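These notes concern the structure reproduced below.
Chains: A, B and C, in written order; residue numbering restarts at 1 for each.
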């Protein structure tokens, strides 16, 4: 137990994490590129045309992984924030900040592609379905987190205020989801139910999983790049950062 | 006993102080000196626990102040550069309510006596906002006469005070030290406080 | 412990009552928004009755935003917030007292005025009752969640707009449960389920809200 926590503490120190992240970035980028090419070729060329939805269904190869990532990244950020508040590790907060733009991007993609998919499927760009609405709230929460952090100059307060807001949000998402579903069943107007997806062919499912893995690799690579920037910004007074900056000159 | 070990304070990109150690026992007076912006206020706020230091710790009787929590807060009285009085309440109401919030309630006659000693009896019933700067500062300092705290942390208490009020404050702090109290006072002037053991800390050198 | 709670409550109520005009301004704002909706939708009374729960509730949400930025900022500016943070009692308790005082002068008047506005939209008597109950359960949640936003944005530039951005999405469940209750009463269905959900949300918020607010206030002092 002691060794695990000491390893954790070692890599949670920015000075050791910075070079480690630098080494990992190319690997994750390559993995992301390979998986994206594989996933996209499966989704566009290999996966069969759906007998009900025609070619339009292919947007789910982007939509579903993006929606997964949007929620997953929020949970990861919330866990980082909880860790940061509990153990006062700066790096956890930096990871949360580094993930936020990627999470917001995936949320936006999920909403956008969702409405593109919705138009041919249900004849409307937007339906007030529980998932779609929760996704919209999720986007607001991401934007709220990013704007809150942008408005605060003091790094300690920025980290902690962001963390409190994120944790309040993570409690709220299930409540929002439940309340919208509740609201939807009452108002019979929107009879669309997104949960009854058509039974998927195995290639479709494989394509989707590969795309999800690609998004995952991409998110890790991008957030590592971003967290390295944050570390340099935050630690600019410490000796090891000055050394790095010297070598860059 | 108040101890600070290896305190470091960084504001923005600027390191105000680092490796700061101090130890104060009963009857000690610490005079924190230095130019504007050298970290006097930050140091006092760190000692109250309002501001977490960038690194290092503050101990009260050998225990960190975070661990003590409310127990430590009971032993201290902090007067910052803001007067901490509501504009729409009178001096009397202000002192009554702040004593209740700091969990050491006092009677209105005690407050009246404290205000009288600071020479603001006439203004006691007026809304705080109509008082002059000097009168406002006197009301804020009258809190000390009602305080049962051992540790006084005063941030530039002499600002806006005239000579008679300054003398009174010196006497009050002196009496506090004589009763085994501890005081930390930031001021860019000499303190001239009777009694107690004077220690000096110059910041920003 | 109780004495500290009541000291803060009495202090804040005295301060609010010495600035009575603010309370009235908020009430007029509430009334004006609902009338604007009526103007925008047209005078057809059946349509108005249908949208009444949503309109009154959205107006209540917006009105609750008005006074939020002052909830902690005046205490922060004059230094009394520092003294709150240095109080030996738990900060959550003091925060709870402040929010109760704020609700008494901002939430309670809305509850009292809402039936009159409901009459303008031709809500039947029993729906007015449900509206009042939903507001009584819902406005404390708004105050509590709003206070989290106010504490997080304390002293920030553009704080006011930021509060709205942070807080409004979190208001959504309250809006849904409350308006569903009034809607159900309009269409003659049971309202208990909606109101119990709202009550559950209230209990949950009362329990966790003060902790989040206290945490946010502590970091605001950095």
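Assume a contact is a pair of C-beta atoms (placed from the backbone, for glycine too) under 8 Å apart; a residue touches a chain by one contact, two chains touch by 3 or more.
What you see is a predicted model; the values in this text were computed from it and never measured.
Most remote chain with respect to chain B, judged by CA-atom centres, is A. Put simply, the chain nearest the middle, going by average C-alpha positions, is C.
The distance from the centre of chain B to the centre of chain C, each centre being the mean of the chain's C-alpha atoms, comes to 37 Å.
The distance from the centre of chain A to the centre of chain C, with each centre set as the mean of the Cα atoms, comes to 32 Å. Centre-to-centre separation between chain A and chain B, using Cα means, comes to 48 Å. For chain C, residues touching at least two other chains, in rising order: 222. In chain A, the residues that touch at least two other chains are 154, 156. In chain B, the residues that reach two or more other chains under the touch definition are 52. On the side of chain A, the complex with chain C involves touching residues 85, 137, 140-141, 143-144, 147-148, 151-152, 154, 156-157, 160-161, 164-165, 167-169, 171-172, 175-176, 178-180, 182-183, 186.
Those residues of chain C whose C-beta lies close enough to touch chain B in the complex are 3-4, 7-8, 10-11, 14-15, 18-19, 77-80, 82-90, 94, 221-222. Here chain B touches chain C in the complex through residues 45, 48-52, 70-71, 73-74, 76, 78, 80-89, 93, 97-98, 100-103, 105, going by the rule given at the top. If you check the complex, the residues on chain C that touch chain A are 148, 152-153, 156-159, 162, 165-166, 168-170, 172-173, 176-177, 180, 183-184, 197, 201, 208, 212, 215-216, 219-220, 222.
Remark: chain B residues 10, 12-13, 15, 52 touch chain A in the complex.
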